[in-house]
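One chain, chain A, links the two complexes that follow: it is found with chain B in the first and with chain C in the second.
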Partner chain A sequence: MSILSIRGGRAGGTPTARRAWWPGRAGHGFVAPYVVLLIAFGVVPTGYAIDFAFTDASGRFAGLANFTAAAADFRFASAAAHVALYLLFWLVSLVVLVVGLALLLHNLAARGVGKALRFLYYLPGALAGAASVMVWLFMLDPTVSPAGFLLRAFGLDTFGQVIAPGHLPFVLTAIAFWTGAGGWIVVMYGALNNISPELMEAARIDGAGPWQIARRVQIPLLRKWIVYMVILAFAVGAQLFVEPQLLAQASNGVAGRDYSLNQLSYDFAFQNNDLGTAAAVSVVLLVVTLVVAVVFVVKSGFFDAG
Partner chain B sequence: MPGPVRALVLTAFLLFFAVPVLWLVLAATKTDDQLVHGNPLSFGSWSALRHNWNALTAYQDDAIFLWLRNSAVYSSLALVITLAVTIPAGYALAMTEFRGRRTLLVATLVVMLMPNATLVVPLFLEINAVHLVGSTWSVVLPYSFYPFGVYLTYIYFGTAVPKELLAAARIDGCSEFGAFRRIALPLAAPVIALVGFFSFVANWTNYFLPYVLLPESDQFPVQVGLGTLLSNVPQFNPTAGTLAVQRPELALATLLAITPVLVVFLFSQRFLVTGMLAGATKG
Partner chain C sequence: MTVKVRADGARRSGRGRSRAALMALSGVLALTAVAACGGHDGGGARGGTTGTQGAFRQAPQSDGPLTVWVDATRLAAAKLYQKTHPSAKLNIVSYDGDADGSHYLQTKVSLFNRTRKGWPDVVFSTQNNETSWAVQAGFTAPLNKGLIAQSALSGWAHGAGDPCTVDGTLYCLRNDLAQTVLWYNDSLMKKWGYQVPATWEDYEALGTKVATEHPGYIVGTAGDSFTPEIYMWASKCGANQITGPKAVTVSTTSANCSRMAALLDTLLKNRTMAKSSVFSSDFDKNQAGKILMLPGPSWFGGALFEGTFKTPKGQIAVAPMPQWSGDPTPAVGNVGGGTWLLSAHSAHLKAATDFLTWVTTANDYQGQVAPGYPAYAPAAKVWLANRASSHFYANDIAAPLQAAAGQVWPGWGYGQFSQESIWAATVTPGMTAGKPIVSLLPAWQKAIVNYARSDGYQVKVGS
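Right, the complex of A and B next:
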């Protein structure tokens, strides 16, 4: 630092002279701390993951051995299938219901009611993470749940029956939707408010009903925000960990252990002491989610320079 | 959609979103017996609430307060560092020219799309290699790396602050840092609030990272502490020993754990819209 300022002084001392000596000097100063964190917690862990994924326990290059070991593990295919199924349910319900509810709220004449509803839909977002699982453990236990009558109507009398492995995609989708959907409804509602009233009025004069306006005017104009929601929800959903982990804990391992890829990676690392395979699972998950996100981004022209 | 159907749909979702929250609040006022046999949406009693409170705080000598304090320390430290790092970085990306600007922007977008929990296990290996596992900084520093915040700040300055304003300040003899501090920073209040909100909520509710990096119970943030309490509830873990935690105590602990985020949420609806819409409008 002192050397830099001395050099700067020699170059003339005025800001203009310093700028000429080192163009972009200030910019570099502003981003330097961020770059340090980016390297330490973005680049290095990624490098670590790749390094471990391709070496064996003694640090020698192992080719794809860790990947084949992961793929050969009986839990891998099912964990991948679980995550894929969960993502399908979660993303479809998110797109259909969030857009649908935002449109319904937007068409509501009573503004006060709409505002209150948006807030109440949004509130469970404060319970993201472990808190939401605590709440849903109770909601899914027929003996204490306020919806116990509903669960029993489906023939589910015990907590164990409710969280049977086959039900988990629905259960996890319900939890994720409960915490996450309200925020997106608020966002979509805001996006709907940005659509010019003249456009809607013109469609109405042309004889379009609310349904047609939604389908031909509002939803196409929401497209970009829907893509944005899907990209972020996909990234969050793919890293599923806390919900099945705590469900597994609460059901004594009946459901949820090694349910998702992140849990499997965690188990490889901390139960089996097999860091190479753990890293291989992380790398697969990272590559797949990144590729999907990039495809979405490119296809939708999302980050087009504006 | 006809009015009655719409009302029905909106009410059904209102019940879905609101009843669990209401239930949670009421559950903290009941005994475990009332929880099972009483009306699920009834109020228990103040004495039961006091009893649950005493039982919860007695658990491992005020462990719940220690966990809440840990959460507060981790989230606030991370909040301060995040803002100090993120705001200048986003500003420089939007308002100044320097070598590597485009590369940094692309790297930020890529990392933003990377699911960060996937990096938790590699992060553990890295932090283990520098012998920081179990230290406060092992969670605070990763929390402080917040590319989404950099992106939001970049968008904000790129759209809301004219470059000419800064050029004028420079001509008037302002240094680069002076231009940032006197011109840009006062205009940045909305985006500072926005980044702060997202960062605080994300860090307060994070589970996986502290779960892996902080092995000792007295370092847990409250989210991981909830997991510990859960494993001592006999109904969810038949092998729970003598430290048994009753279900209403778990409900009360959950309420305490979410209170700070709930308070932030009461004021945040506006941030959410402006922030997310800004994030989606320009690239």
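Right, the complex of A and C next:
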């Protein structure tokens, strides 16, 4: 009652007073659709998967049985090793090349080519995931590839030779980098633009060259963005699926089948009709990704002010 | 059956408490939760999906379009049916046909089983082992229990229904036979004065001769995922002895396997055996015009020589598959031979069986259009006559194909795990890297054993 009367009394009141009644409601309004989607497609399926991971086929609590079944599968160790190796290649190439290209882009910005390059870097990311992998399937076949001469220069004359098991970490990294790095380059470029020009100017006056500015000023200030990128890229990379799966289809199963943990989970679910073990694999992936994210956040002081 | 089979009904009943906890945990929005976990709403048996054989309860029948899934090649069949049956309502969906064991159909059916709707009425699959999972998943309807008359079924070639039969019940119709024969270029053989080899020993010797006299020409390829089904199967290699619905005996290192592996190694080394798949761009560009011989299934003629390679008329001929000298019982391999499945959930069984019967037996399609050797014997006669009248082939292909149709070695079975994808993943990369196939046989065996076990098979190793 009292609230109503107060509000009634303030019907023609100042905007300040209205904001006090529900501070930040515009922000909440913007976030609300995201929260709804997050719960529907993030939280609930995750809970559903956790439920599956700890129950057996008849729905009874199964303890860790699904996890031990997954770990005992003959494909598990090799799939885990494949993903680990891929993550190593992918994260290193991502950090080094994205930061390097963003710095280059930033230096070129004044000269006009920057805009064209920025567009070029971003372009592959605009293609949908599977479509851009399809592009690569052509790129990797020396018979039809526009870059066939390069492949042949490395002694690779047939598609079969290109996708030899030892080449897969490189091949998958190349695909993932090409499809995913463009967006990050643009993000890093934006972050570089946020560095105050005075700071750069001061460094220049102190006699720092472009290399020293990059190393002593720009990269340390980019650290949080790099950590952010690594956390997200780790999560995406650990869930490696589309690239090897399409490769498996394109190569008639010669390369890429049962390559990653996510593919193994998919096989458990749809070939062995074993959703519990499939869910166990995805829960393992979730836990590993979360732990890595927490370690990075804590170690880097990600949420510290400044 | 095995514990791992997850029946929806069973799952739904015994999981009240854990789910309640979860709902609390996973949040507020009961509405989204229901949407996301669709299919949690109460019990009710799924019609016809009990998984026990013969227990087939028809879904309520209704009118409406018949949903037919076909691969690109069989699209013509569905379209022709539509044309010749203008009153039939068809919803034609093309998919990969489960080629190379892609498991697309199995994946989808498993999802449809969970959502309890969406099943196609009729499906064509290029794989002949679909019944190994589809019967258990309650997807396929038994065909010889009243849906199709026994008199009609007796028209199929001897043994054609083997991949479709589980415990005496027929669960699919064989579309085509894929018995292997020796395809060869008659013009080149005559020009170079070569004899068509009748034994594997002669075949190997001729390959060695070609390597020196006409380098660049090939006598076969070992780069396909179905290479073991052409060579190993024909050599009576016991890699895939399915002895029961869930039992297999695996032996890849016996003499029957290693003799063929050694032959392949010799020819791979002298480069008369190609390393690329007949469907690869590499083969099409570099080898397709240099085929002297090509052991392969009956569908190579239509699909490859007439289709992809566009070989000129009057060059390609067919001979019986070579045999090992001294072996009294000839054996050939088999590469696929598609199957048609009828959904046990179909609400249009009458229309569906009409379509099935037409597509597998009608001369309009099987006799005139179909690229593969029809499994339905009367259609096969028309098909062979039709091929002869096209004058594409340099000799009479009927005799060797008909003979081979009855010589498919029965010791190689139709299990749930894909022998094609196992070979592709374990042997092909090693072969591409130059390792002898003989040295890869133990790894091949290990992979078969592993995959068979993961599909719940009782595995016996050796002999």
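Just so we're on the same page, the second predicted complex is superposed on the first by the 256 of 306 C-alpha atoms of A that agree within 3 Å, B and C clash if a C-alpha of one lies under 4 Å from a C-alpha of the other, contacts with A are read in each partner's own complex, and residues count from 1 in each chain.
FYI, a residue touches a chain if its C-beta (ideal position, glycine included) is under 8 Å from a C-beta of that chain, and two chains touch if they have at least 3 such contacts.
Bear in mind the structure is a predicted one, so any value in this text is a computation, not a measurement.
Undergrad: Under the stated touch criterion, which partner chain does A:Tyr86 make contact with: chain B (first), chain C (second), both, or neither?
TA: Neither: A:Tyr86 stays clear of chain B and chain C.
Undergrad: Name the contact category of A:Ala40: first (chain B only), second (chain C only), both, or neither.
TA: Once the two structures are laid over each other on A, A:Ala40 reaches both partners.
Undergrad: Look at the residues of chain A and decide whether chain B or chain C touches more of them.
TA: B
Undergrad: On the A-aligned overlay, A:Asn272 touches which partner chain: chain B = first, chain C = second, or both, or neither?
TA: Second partner only, chain C.
Undergrad: For A:Phe76, is the partner it touches chain B (first), chain C (second), both, or none of the two (neither)?
TA: Neither partner.
Undergrad: Of the partners chain B and chain C, which touch A:Asn252 in the superposed model: first, second, both, neither?
TA: A:Asn252: touches chain B and chain C.
Undergrad: Looking at A:Ala164 after the superposition, I want to know if it touches chain B, chain C, both of them or none. Which is it: first, second, both, neither?
TA: After superposing on A, A:Ala164 lies in contact with chain C but is clear of chain B.
Undergrad: For A:Phe67, decide between first (touching chain B), second (touching chain C), both and neither.
TA: Neither chain B nor chain C is touched by A:Phe67.
Undergrad: Could you list which residues of chain A make contact with chain B in one structure and with chain C in the other?
TA: Correct list for chain A: 40-41, 44-46, 48, 141, 143-144, 159, 249, 251-252, 269-270, 275.
Undergrad: In the complex formed with chain C, which residues of chain A make contact?
TA: Listed in rising order, the residues of chain A that touch chain C are 36, 39-41, 43-48, 50-51, 54-61, 73-75, 141-144, 157-161, 164-165, 249, 251-255, 257-258, 269-276.
Undergrad: Mind listing the chain C positions that touch chain A in their complex?
TA: It is residues 3-7, 10-15, 18-19, 22-23, 25-29, 32-33, 35-37, 96, 100-103, 106-107, 110-111, 133, 137, 223-225, 275-277, 279-282, 284-286, 418, 420-421, 424-425, 428-429, 432-433, 450, 453-456 of chain C that touch chain A.
Undergrad: Which of the residues in chain B end up touching chain A in this complex?
TA: Interface residues on the chain B side: 1, 6, 9-10, 13-14, 16-21, 23-24, 27, 35-36, 40-41, 84-86, 88-89, 91-93, 96-99, 101, 104, 107-111, 113-126, 141-142, 144-145, 147, 150, 170, 173, 175-177, 180, 201, 205-208, 211-212, 223-224, 226-227, 230-231, 233, 235-239, 247, 250-251, 254, 257-258, 261-262, 264-265, 269, 272-274, 276-277, 279-283.
Undergrad: Using the touch definition up top, name the residues of chain A that touch chain B in the complex.
TA: By the definition above, chain A touches chain B via 15, 23-31, 33-35, 37-38, 40-42, 44-46, 48-49, 52, 97, 101, 104-105, 107-108, 117-131, 134-139, 141, 143-148, 159, 178, 181-183, 186-187, 189-191, 194, 210-211, 224-225, 228, 231, 235-236, 238-239, 241-242, 246, 249-252, 262, 265-266, 269-270, 275, 278-279, 282, 285-286, 289-290, 293-294, 297, 302-306.
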